[in-house]
Amino acid sequence: MSSRETILARVRAATRDAAGTPEPAVPRDYLRVHGDRSPAESVDLLAENLADYRALVHRTDTGGLPGLLARLFAERGTRTLLVPDGLPPAWTAAVDADRVPDRAASTARELDAVDSVLTGCALAVAETGTLVLDAGPGQGRRRITLIPDHHVCVVRVPEQVVDSLPQAMERLDPARPLTWISGPSATSDIELDRVEGVHGPRTLEVVLATV
Amino acid sequence: MRVALFVTCVNDTLYPHTGRAVVTLLERLGVAVDFPLAQSCCGQVQFNTGYRRETRPLARRYADVFAGYEYVVTPSGSCAAMVRDNYPRLGEPAAAAVAPRTYELTEFLTDVLKVTDVGAYYPYTVTYHPTCHGLRMLGLGDRPRQLLTHVKGLTLRELEGADECCGFGGTFALKNPAVSAAMGADKARHVEESGAQAVCAADNSCLMHIGGTLARRGSPVRPVHIAEILASTEGDVR
Amino acid sequence: MTGAREGERARAPRTFLGMPRTRPAAFPQAAVAATEDATLRGNLTHATHTIRGKRAAAVAELPDWDRLRAAGAAIKDDTLRHLDRYLEQLEAAVTAAGGHVHWAVDAAEANAIVTRLVRETGADEVVKVKSMATQEIGLNEALAEAGIRAYETDLAELIVQLGDDLPSHILVPAIHKNRGEIRDIFRDRMADWGRPAPAGLGDRPAELAEAARLHLREKFLGAKVAVSGANFMVAESGTMVVLESEGNGRMCLTLPETLISVVGIEKVVPTWRDLEVFLQLLPRSSTAERMNPYTSTWSGPAEDDGPRDFHLVLLDNGRTDTLSDQVGRQALRCIRCSACLNVCPVYERAGGHAYGSAYPGPIGAILTPQLRGTASALDASLPYASTLCGACYEVCPVAIDIPEVLVHLRTRVAEGGTYTVRGTKAVIKPAKGHAAERAAMRAARWTMDRPRAYGAALRATTGTRRLHPRRLPGPGKAWSATRDLPPVPQEPFRAWWRRTRGAGS
């Protein structure tokens, strides 16, 4: 008997007592959303929770976005900027930095030499202050938002903002590789005290852009 | 109203004054108290140490002795919890049937008699330790504190880390003496730091541990069961 | 890699398993050292009390916490009830997504599979994401024996690995070390494993995190193979889920060419939607965050993004034995949040090492004796490593009634019975070393069940009251070494009742 068959047979033997007993239902009476918010209030909550976990939050509109991004990268001293495919060219029109494309052939060491990365996202969750990237257009491969030390993520508000985790799950496709980001990297490994900034980008800037 | 007192084996042997206080208190509140002499022990020590077979005869005895009573009142949170939570797990229908009619003293006072002021007088500073089985298995909540705050003359002091176990745990105290003693030492320190003259709880087993630790440390703080405080009146205190 | 390897000392990693050198001490003896170590006690008290308050605040933000908890427990129970079906569904979905699924009955088989998979890549080192399953099976030691070096990349695991230590906490394996001790370990040992610690390293947590960043970066950027666990696996979509904080997980999950995930069979959940429950329960219970900094999900290898080869090793190693126990199986709901450790007064005093397994604290006290059995003195002592205070049950996000399982396992130890061991029904004898206790329990029951005998025993006790000392010799010392005994009263309660009320009721 293969190990697969052994394990499955053991499982069946172990759960034999349940056979014929009524199938208990999973209670789904937990809340779909914690609170009744207008779209603007959801965006405010997102901003608040992002900032609570030490993301730097900026707000602008479509017209102001190129100028704001240019300023953020100039202030950071960004000389090389990773730009994934599908990012609206207008966003980076005013940025004064060398563009580095997101290529499968790039090595991790090459990416390590890049100053900053700019991406969009698939959606953002207000109640937890979470950005979700699904490797779609304007988001790139998972590693590009990991290796550079500075990540700027643009969220189109309010359309990309959901309130809660249950709402987020409904909109996400498990077939895509997903990265959920809630603030810059952090650790609680020393005395169970939270410290921001370990292996992932130590600076996470989020631009909430009204469209 | 007539109730049966389940005094518990620990109180019967070592703390008879607690049992007497329960009788005094309940009779003062107009409740007739029976003490069926065939009672002995709920079997908690056997059960919690893993001797289920030795528990069943004691549960059956408990069920027999108290079968005819609508209310069984006991001055022990852990014995009440043993009966209520664990008897239904023993596969003894009679024991399971008597379980919901068993009440810890403070919940009997607040939930059945619906009194929080029992007319007690106790002119001392007291800190209250909520014992684990009362707190988490019975869900006593703030019932004991409500009763204490209505006692005339009593000053209640906050206890740091009140909801942390004192480290008794029945045979745990014997099987894991180092950890038990460390927990007891922390509890005793918090009791002393509260500045109270007495530490009170609804369970003499925990108080035996806390009080024994305090005594060994030479502390003047004395352990006292909540029933004794609630039974006390101006006539008792000179 | 750099020249660091030449300087590395050949050293077999320490592990909880396969230790023929010494028989592990039972919990009470192992705990003694911890209770006497003031630094350790201070570290544990500080860390656990810090997280307790934060967890309570994070949980209080969700008014539907109890409903989420009930849903989490019910989803896990449903999963366990139909585990065969969900595992087959998972296997099909992972395979369809381009992954490879392997099945391991025990630790040895899982280690052999991983070793073979690593060898097939030609690599002689792997980077690791913190994983309880690989701790449990002693994977690092098995890889070391095969000449493969495993680099732990979680900060706390790194501290443990550099310090030649053992983990003592599920979430924070180096919880027993304070910042000063961690600084010393980094300063003294990093050079043995790769990039040395920066000169003049201080003990601020931010500095220490920076040192770990620099030290591990060269490992990440050059790694060809990574080994991980997973927090959840979704049966319907074949999705793996890893929650983490530091980004070391993302590094391991996305940079290497080959990814091998070793996951216990109970980690499967039926549907994608079920994650909406667990992604709320786990971060708040674990790190007391609304959401942990990074969560990665993947369903097979993604095209041109991350590892080309993905292997999933499904691990039994005692889980099906646990599943066959109708009371004990609830331990398989565990999502490894460690909230029960953080509130446990016994864990706080005894420390994690006393539990002698990758799973310390209350959950370890019910999981280890089920996964490994209760044959050793250590494993038989674990169910007794609790006062049954119930604090663990109160905070458990999947409502595992840990006290109930503890008492159930005590019965297995004290009375024996028929249980499933490695898939076969076996009669377990009552544990040795409990004979005197068993006799005492039986004698007590005999007396308590006979009113005349009981009354006589009470009279004997009070009648000799002047002879009772406040301290006891022999076994009674366990009590009276630190506690006075109460004075024995003049008469038992029932004597007073008889004297004042007559024959009674």
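We just call them A, B and C in the order they show up, numbering each chain from 1.
We take it that a contact is a pair of C-beta atoms (placed from the backbone, for glycine too) under 8 Å apart; a residue touches a chain by one contact, two chains touch by 3 or more.
Every value quoted in this text rests on a predicted model; they were computed, and no experiment measured them.
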Exercise. Would you kindly say which chain has the C-alpha centre located farthest from the C-alpha centre of chain A?
Key: B
Quiz prompt | Chain-chain pair with the highest tally of contacting C-beta pairs | solution = A-C
Quiz item: Using mean CA coordinates as chain centres, what's the chain A-chain C distance in Å?
Solution: 30
Quiz item: So what's the Cα centroid distance for chain B and chain C, whole Å?
Solution: 33
Quiz item: How many angstrom between the C-alpha centroids of chain B and chain A?
Solution: 53
Exercise. Could you please specify the touching residues of chain C with respect to chain A in the complex?
Key: 43, 46-48, 50-51, 61-64, 67-68, 70-71, 74-75, 77-78, 80-84, 87-88, 91, 97, 103-105, 109, 153-156, 159, 171-172, 174-175, 178-179, 182, 205-206, 208-210, 212-213, 216-217, 220-222, 234, 237, 239, 245-248, 250-251, 253-255, 265, 272-273, 275-277, 279-280, 287, 289-299, 302, 304-306, 314, 316, 320-321, 323-324, 326, 329, 342, 420, 423
Quiz item: How about chain A: which of its residues touch chain C in the complex?
Solution: 2-4, 6-15, 17-18, 24-31, 34, 49, 53, 104, 107-109, 112, 125, 127-130, 135, 141-143, 146, 165-166, 168-170, 174-195, 197-201
Exercise. Could you pull out which chain C residues touch chain B in their complex?
Key: 27-28, 31-32, 35-36, 41, 345-346, 349-350, 381, 383-391, 393-394, 404, 407, 409-415, 437-438, 441-442, 444-445, 447-449, 451, 454, 458, 461-462, 470, 475, 478-479, 481-486, 488-489, 491-498, 501, 503-505
Exercise. Would you tell me which residues of chain B are touching chain C in their complex?
Key: 4, 7, 9, 11-17, 19-20, 34-38, 40-41, 43, 45-55, 57-58, 61, 86, 89, 132-133, 135-137, 163-165, 167-185, 208-209, 211-213, 215-216
